[in-house]
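Two complexes, one shared chain (chain A), two partners (chain B, chain C).
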Partner chain A sequence: MTRYLIKRVLGVTLSLLVASVLLFATLNVLPGKASTAALGLNPTPAAAAAFNKRYGLDRPLVAQYLSWIGGVLRGNFGKSYQTDISISREIARRTPVTLELTSCAALVALVIAVPLAFIATLGRGTIVDLVATAVSLIGLSLPAFASATALVLLFSLRLRWLPPGGYVAPTVDLGTNLKLMFLPALSLGFVSGGLLMRIFRTGIVDALAREYVLVSRSRGASRGRVLWRHAVRVASIPFITVGAMEVGAIFGGAVVIEQIFQLPGIGSLVLEGIETRDYRVLQAGALVITAFVMIANLLVDMIAAVIDPRLRVTTER
Partner chain B sequence: MSEPASERRPSMARSTPLGHGFNLPLIVGGLGVTIFVVASLAAPVLAPFRPDKIDVLSRLQGISAAHLLGTDEYGRDTLSRLLYGGRLSLIVAVIAVGIGLLGGGLVGMVAGYRPGRRDALLMRSMDILFSFPAILLAIVMMAALGTSVTNAMIAIGIIFIPGFARYARSLTRSVMVEQYIAYARSTGVPFLRILSREVLPNIAPGMVVQATVAVGYAITLAATLSFLGLGAQPPTPSWGNMIAAGRGFMARAPLMVVAPALAILIAVLSTNLLGEGLQLRADERQSRGRV
Partner chain C sequence: MRRRYFALGMAPAIASIAMVGLPTVGYGPARAAEGTLRVGFVDGPEGLDPAYAVVGASHQIIDLVYSGLTKLDNNANPVPDLAESWTADSTGTVYTFQLRAGVKFHDGTPLTADDVVYSFQRLKNPKTGYAYATQVESVAEVKALSASTVQFTLSKPTGPFLTFLAFPGNFIVPKHLAMSGSSLTSHPVGTGPFKFVSYSPDHELILEANQNYYVSGIPRLEKLDIKYIADDTERANALLGGTIDFASRVGAKDYDNIVATSGLAGTEKVGGRWFWIMTQDEKPPTNNPLVRLAISYAIDRQAMVDTLFFGHARPILGGPIPNWSWAYDKVTDIMPPHGDIAKARALLKQAGYPNGVQITMTLGSTWQNLVEQGPLIKAMLARAAIEVTLTSMENPRYMDLVWSKGDYQISNMYWLSPLADPDDFTYLNYRCGSGMNPQKFCDPKLDALLQQARYTSDKTARKALYTQATELILKEMPLVPTVTATMLDVFSTKVKGWEPMRTGMYRNLSEVTLGG
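Up next is the complex of A and B:
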């Protein structure tokens, strides 16, 4: 297990470095953009040169990358082209918001998926199953921004139960914080919840159709025991695998959801970076989100490896 | 983490209620997709107004005989804009999936041809591309490429490449062990010819089923990009930018967001169901030993 852990941590570190090269390359293929954006449409050549010199943009791309990644490894993301504030400080301020939103969304996804899958399995082939299936289908077919807009329309504008957006830190006022987090987490978690419900239901139904379940039942094991001992344990493996992939979907979706609900997280930092064409901010935010996704994936894989020891070997390609 | 991207929207085969002997997903999904495609193609004929026809005197209206789905903040007909927006969604989704299918199919076939260093290198790079969250990757690419519908298609297409590559690789691997491949290789048939003549025809049906499911996902990605202002630019109507514009007026004219949201739901749901139905049919045939 320790060997497997070390291997995976090294793998994630390497992937992150490659990801940083990719991000840097994608955003820096078009030179001169940063100064154009920061200094207006037609900067004088002297002003542009001064700007480039100040931010080190006159050096070769490889040197620029190395000094950027060197700073990042020491926790320094540089300064914003537009506002001149420290990007690292901005990220530190915004990280808790994004992590709260994504964990709440993951919780919502599980709270939707697991009970609904059990209800559907127990009422297999009946109207209950059909309704549960329909709910999950709607969840996985409606993009988060659309369900978020619909929820705001219903709960904020019509019923006036919940505020349509904004953020208060949980340390300041936990009640208001949770109230403000409810709609964002619900719309973000609904998509993954619908998908995970399907995976879990399919897994349980498949496992219950296996011969060993029949054998177990014929030996006098109760339905509940069979469901728990055989079906749920077997079904939890694909559930966790897909769950790991949904971590990425939740973090990606957070970019959009933070924008809609005016949550000052890293996702909205990325979009602000695009709006102001501040590529250094965009680059930093995108790298941090990717790092969160990879670390979260690693944690989920660890959980899977604890549950199913076979995975420690078969993850080798 | 070894499933293809299209399996993010997973198989509902075997799990569908009423699934026995009667392929409900295929019928409902097929019907929905047919309506979506016909409505998109016939948008110029079906639309009661031009999508950009401004009529300030009848702005933000509800349902009426003249405007079946009401009007927006410029008095433009929502139904007409919905039809043209659907047309754009369909084009973007199909071309994006086509890019992913071609790129991923090629990478997957070359990687799956023979295990070894080439295979490992190709699939490793696919893994890294896959580890970025899809929407984030699309947003970053749009920032680099610049905002336009064409670039949205390219960005979404690239997102689909690793998923299709993994799927094509696994299908290719299962074809490569067949005897006719060994025969072709032993008689000196060149590499590219084996891929195009022997491998491609065998993996194509499976790839098409995956592509169907991917179209639904492509529609949601395209809508998300244009919602963020990174896709189709106003006044060109898209489902995403209609919802973005409607958010400011939805207290007075809720139809401005409800109509495009329902359109996305129906289009994506139908595509997903059709993909499931096709999968279900393929599984049934396989279990009966007909394939």
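Up next is the complex of A and C:
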């Protein structure tokens, strides 16, 4: 298990380095120059030259990359072209917001998927199953931005239970923080919740139909014991695998959701970076999100490896 | 020039929420401290140093934090600000400004004539790359006659000179900070009514009252907590939901419903927020002025006002100078509000296109209000046998392709003039080689008129020149002006004393109070 862990951590580190090269290269070939974005459409040649020199944009791309990644490794993401603000400070400030949103969304996904899957399985073929499946299907097919809009209309403007957007740090006022986090987490988690419920339900139903399950039952094992020991454990593997992929989807969706609910997270920073061709901000934000997704995947894989030893054995050979 | 005066800014494509009349009861995030106004603005600033700021969102904040020698009143006339008074010599080229006594920068340093001299030297330095350098083109020399007297020598009389001084880009910066390399871009220090506290990009900007502000009793608020909410509907929702007290520039679709809501009110002001259709004037078919005129006659401006702006706009029937300007001349209003399809078809035929033409309209996808004009313009032009194919692209690419390279056939744009001088509606948009002229239009005769109108001090003479220029513009139709949209601000009724400004700036927030 330790060797497996070390291998995986090395793998993630390497992937991040590759991702950083890709990010740097692709962002720099996008049309639209940083100097134009920062100085206006027709900067004087002297001003453009001064700008490029100041930010090191007059050097070859490889040299630019090396000095950028060198800074990143020391925790220094440089300064924004547009606002001259330290990007590292901005990332440090925004990371907790995005992590809170995505964790809450993941929690929502689980809270939706797991009970619904059980309810649907236990009442298989009945109206309960039908309703649970329909709920998951709605979640699955409704994009997060659409459900977000509907939720704001209902809970904020109609019922007036929750604010339509904004952010207060949990350290300032935990109650308000949770109130503000509820709708974004719900709209973001609902999509993944729907998908995961279907995966989990199918897994359990499949497992329950297996011969060894029937044999256990015929030997007198209780229904609950069989469900728990055999079906759930077997169904957990595809559930966790898909769950790991959904982590990426949740981080991706967070970019839009943060914008809709005015949450000052990494996602909204990335969007602003795209809009203004502020490469440094964009690179930093995208790299941080990539790192989050990879680390989250690593954690999920670890959990899977604990549940299913086959996963780590094959890798250790 | 990437001036986000014309940009509503980024907004995720989300379905609009139908607004319903709702009572406003405060709830939500912890109640703001007494005297804190929570404001919803559209786009976050991109740098707060006057000399380097390019976009309108930056100028909005610079206008609150710094001051200029002059400022514009609600109707855009220049009045004293840091300069208490001034005299001009008989040639109109030498201006002597007497600075107000006892003015201090936010760091406590007194303002002197040296700061004024330095600020303008910096703007004139080509290394600065001041995006609005043409405004200070005619400033030949700035000299401190004493600690509180500054003399400007102009190379030629300049009509809008006193108005230019009120443009946020030309505001006065503290020499000692700018020289020592401290970043005014991220930490602005000025002499304005509000002091900069903090900025989290595109999320929140906090300003507090400048207790030493030179106008006594101003600002009346203790703090401005500015939230950036790019999407029109979300900004309106934030006000309806009570998480902000004041929302700037709400969408025309939402305005009537918001002001009909109890506890909420709004102001509508006609200013310099005008829309136009851009044509590529170098390449066929729009290099032919007759085709451009045909496009202009095919547009039903009143329909645009009614359907896209829900009545909160005015059709532009003549040139770009708005009808509230002193330079406006009614004789130039020649376009029928509903257009004239027969005339458009005739013009097209005369241009050598008896069977009509096909053109592509390129749209910048992040500007909701510009994108939504596309289908309507397409339908209007189709009636005159101008078949339009719509295409849209992400904004940076759009700016590069259309605005930098001029690689397009027709497009559309809007702009909010921060100066409201007739020069500001014409000089940059129509002159040969100007950065605001992606039409690549060039007529030396029009150039000469606009140049002369800018560099003449007498108002009557300027007005006559602008009438001549407008007549020429209406013959050549280098771009097709469509409508002037009003500026719509909405707020809680506890916000007292808000007066909207023609320039679209928000310095008047310093005079606002919060009632119970």
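Quick note on the criterion: the second predicted complex is superposed on the first by the 309 of 317 C-alpha atoms of A that agree within 3 Å, B and C clash if a C-alpha of one lies under 4 Å from a C-alpha of the other, contacts with A are read in each partner's own complex, and residues count from 1 in each chain.
FYI, a residue touches a chain if its C-beta (ideal position, glycine included) is under 8 Å from a C-beta of that chain, and two chains touch if they have at least 3 such contacts.
As the structure is a computational prediction, the values presented were derived from the model and not from experiment.
Partners chain B and chain C, once the complexes are superposed on chain A, run into each other and clash.
Legend: residue contacts after superposition of the two complexes on their common chain; A:294 is shown touching chain B, with no touch to chain C.
Residue contacts after overlaying the shared chain place A:271 against chain B and chain C alike. Of the two partner chains placed around the shared chain by superposition, chain C is the only one that A:48 touches, whereas chain B remains out of contact.
Judged by the touch definition given at the top, the superposed model places A:90 against chain C, while chain B stays out of reach. When the shared chain is aligned, chain B and chain C each come close enough to touch A:146.
Looking at the shared chain after the overlay, A:198 reaches chain B, while chain C stays out of its contact range.
When the shared chain is aligned, chain B and chain C each come close enough to touch A:259. With both structures placed on the common chain, the touch criterion links A:251 to chain B but leaves chain C unconnected. Of the two partner chains, chain B is the only one that A:206 touches; chain C does not reach it. Put simply, chain A uses residues 30, 145-146, 149, 152-153, 157, 256, 259, 271, 274 to touch chain B in one complex and chain C in the other. The residues of chain A lying in touch with chain C in their complex are 30-33, 36-44, 46-48, 50-51, 80, 82-85, 90, 93, 145-146, 148-149, 152-153, 156-158, 160, 163-168, 172-173, 176, 179-180, 256, 259-260, 262, 264, 268-269, 271-272, 274-277, 281. Of all residues in chain B, those touching chain A in their complex are 1, 3, 8-12, 14-18, 120, 123, 127-129, 131-136, 139-144, 216, 220, 223-224, 227-228, 230, 240, 243, 246-247, 250-251, 254, 257-258, 260-261, 264-265, 268-269, 272-273. For chain A in complex with chain B, the touching residues are 15, 18-19, 22-23, 26-27, 29-30, 124-126, 129-130, 133, 137-138, 140-147, 149-150, 152-153, 157, 195, 198-199, 201-202, 205-206, 241-242, 244-246, 248-249, 251-253, 255-256, 259, 270-271, 273-274, 279, 282, 286, 289-290, 293-294, 297, 301, 317. Contact residues of chain C toward chain A in the complex are 1-3, 9-10, 12-15, 17, 20, 22, 25, 27-30, 44-47, 52, 54, 126-131, 133, 183, 185-186, 199-204, 227-231, 234, 237-238, 240-243, 366, 394-397, 399-401, 403-404, 435.
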